[in-house]
Amino acid sequence: MLRSKLLSLLPRAADATRCMSSAATKLTTVEVDSKSGIATLTMNRPPVNGLNLELLRDINASIDEIESNKSRGLILTSSNPTIFSAGLDIMEMYKPDQERLRAFWTALQDCWLALYGSSVPTAAAINGHSPAGGCLLATSCEYRVMLPNFSIGLNETKLGIVAPLWFMASFLSVLPRREAERALNQGRMFSTAEALEAGLIDEIASSKEEALAKCAAFIGTFAKVNPMARALTKQQFRGADLRQLENERAQDLEKFLFFVNQPAVQKGLGIYLDGLKKKAKN
Amino acid sequence: MLRSKLLSLLPRAADATRCMSSAATKLTTVEVDSKSGIATLTMNRPPVNGLNLELLRDINASIDEIESNKSRGLILTSSNPTIFSAGLDIMEMYKPDQERLRAFWTALQDCWLALYGSSVPTAAAINGHSPAGGCLLATSCEYRVMLPNFSIGLNETKLGIVAPLWFMASFLSVLPRREAERALNQGRMFSTAEALEAGLIDEIASSKEEALAKCAAFIGTFAKVNPMARALTKQQFRGADLRQLENERAQDLEKFLFFVNQPAVQKGLGIYLDGLKKKAKN
Amino acid sequence: MLRSKLLSLLPRAADATRCMSSAATKLTTVEVDSKSGIATLTMNRPPVNGLNLELLRDINASIDEIESNKSRGLILTSSNPTIFSAGLDIMEMYKPDQERLRAFWTALQDCWLALYGSSVPTAAAINGHSPAGGCLLATSCEYRVMLPNFSIGLNETKLGIVAPLWFMASFLSVLPRREAERALNQGRMFSTAEALEAGLIDEIASSKEEALAKCAAFIGTFAKVNPMARALTKQQFRGADLRQLENERAQDLEKFLFFVNQPAVQKGLGIYLDGLKKKAKN
């Protein structure tokens, strides 16, 4: 496995192609700071960075781009001033087209494998609310800086759905087991202050600029570290989690499809969407 | 697996039968609060709630009853004012009848699988001392409230026995790894105050009533959570631990039988029982 | 497995032989306190207790001796007043003889399996700096007491190398997952004070004598614990980690050989050694 990991650190022709195509995408932007060499990946899908198929594919292309352009690190953030990401776009799951539903979940699996397993240092500048899939993205990074008075958590049980094992893996890479289980079962949303106390985030920043700077400072702690040794160490540390999904991708997809297509789940999603619509009208 | 879990959430005819038989048992009682829908499972085997074959079977029947009667949660407590449970009844292990010894350990395995894997929220109102098997029951719940000036811990090594892997799993679901290993090796009993500091319990209450109320408040945190999503989330989170025993039940039983039947272990238990008898006389 | 573990607690003729040969070694000493029954294993390879093939073999022989001479515990320390152990001797890896390189890594595997899986209580009196392999030895013990103003950590990434999975296992037996991963990726060295706060060590002592006394006090907490039950409990708790290496020793060796023989790694080690030589001259 070490051999393949070493090879995976080499720039790849196929990736370079994907980078170029990623340049044409609209739902994410990648900016590389010429001084620090750190890439900022910004999610930009109004109104709430709902993770639909297209946004996930653009995030994946942007991660590929950053992995292959020799960036010194990756900071994930949002163009929205109050929402980091609202999580999975429920419209992908409600009365779904089955082929698109498969592509959607596969893109989410790809996204987690790419971000949680990224060879470059990663940090999240959480500049807004970050429920469910938003929290998944944040906890798949190695460091989290959050703005005050927002909320973060895996609140799937409150929506009547079940976070899969790899969501739990990211959560458990950050929180102690007892706290992680309880929060998952409760579908608990943490305030910024609670998240800091629990260890779900690492720092609080008073502005997006400060959050980005703190993320860059974290990535700067690797300045004197050998990048290849660092990447292999991280991939080995996260290896068991990553292999669990890699080895069970097909079953994980089938589980998701079975679950989403349950009439009770469809009904629950419908009620939830109606609630959102009413909220939007008032 | 998700399919079978979904099915397991449906009421089962077989279980309903077991409920009725459980209604006839004497060593546990189940009371469901008509307002909250929370069931209180009280262990009532004088003098110390020693976990013998009959008590374990009654606990298992009571858990089955609670799982199938649509209770909103399960609170485990004791009718004894100073002892939650003294743990495994040593009389089951000293000079044992081999058939009964097998049934005893199998009932304990069943009990852990049922309680640790319970689909309803669980909490322990620990209203007295809780060594060894008593601590196993408490740490298999999701929340623990304890009265002051009692003690709790897995003190098996002090008795010359070895807590099996699934005892360790429950312990590790609550304590950090370093603390868990040290306490296990030392056979450490924590005072109520020490248990709170270590995270082995979640709250202290000044009376049994207050402990029951705090347990009910914890179960109340799931009021707005989808019960099926919650149950699946918990079972998935605890799945690796549960499968470990499910897949190795036979070997785990043989290990136990081999160990208990060692002459040195029998001798140690004899000395321990003599000590208890002398204590009782004074 | 329990059977073989029980057998392994019996004194072994083969071990007794190895003890005698260990008595002839020069790079470690073993002193058993006649009052407490605790053995102190002192590493004594000037100038920095670099772990080369001979020191590792002597440590292994000393552990074997302590396991078989009925010592009540093992305290690992150093004869050097400022360095516990500088870790793996880089001269074993730079322009290596391939046969010796294999023997070296195999001896390190043996050392970890013997120390992390030791049946007697273990503690480290860390009386000096303890980077990389030095930190591995310290975190493979059950308790750590350290003198002020020294440093400890797994700083492999700073040297361009990757700590294998079993180094990570020892680290994770002590630190929470989030802290462990970050420190590993950063190659972070903790000061004595930082190590205490993180939980990487358990106590600070102002002198080597005090450190040895505190280690002995920790081992004393097992005075009323059944030694066989304790040994089986520890081996079961650490069993998954130990089996992981036992089952993959050959692959782990091949990984190491492949990695060390990379031209980039050889070049990095050369640069590092040149730096050390220049430092030594000034």
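Observations, loosely collected:
The chains carry the letters A, B and C, assigned in the order they are written, with residues numbered from 1 in each.
Operating definition for what follows: a residue touches a chain if its C-beta (ideal position, glycine included) is under 8 Å from a C-beta of that chain, and two chains touch if they have at least 3 such contacts.
Just so we're on the same page, UniProt names per chain: A, B, C = Enoyl-CoA delta isomerase 1, mitochondrial.
Every value quoted in this text rests on a predicted model; they were computed, and no experiment measured them.
Under half of the residue numbers at the chain A-chain B interface are used by both copies of the sequence.
Superposing chain B on chain C by their CA atoms means rotating through 120 degrees, a value rounded to the nearest 5. Rounded to a whole number, the gap between the C-alpha centres of chain A and chain B is 38 angstrom.
Those residues of chain B in touch with two or more other chains are numbered 176. Across the complex, chain A is touched by residues 1-3, 6, 121, 142-143, 172-176, 199, 221-222, 224-226, 228-230, 232-234, 236-238 of chain B.
The residues of chain C lying in touch with chain A in their complex are 156-165, 168, 176-178, 180-182, 184-187, 255, 258-259, 262, 264, 268.
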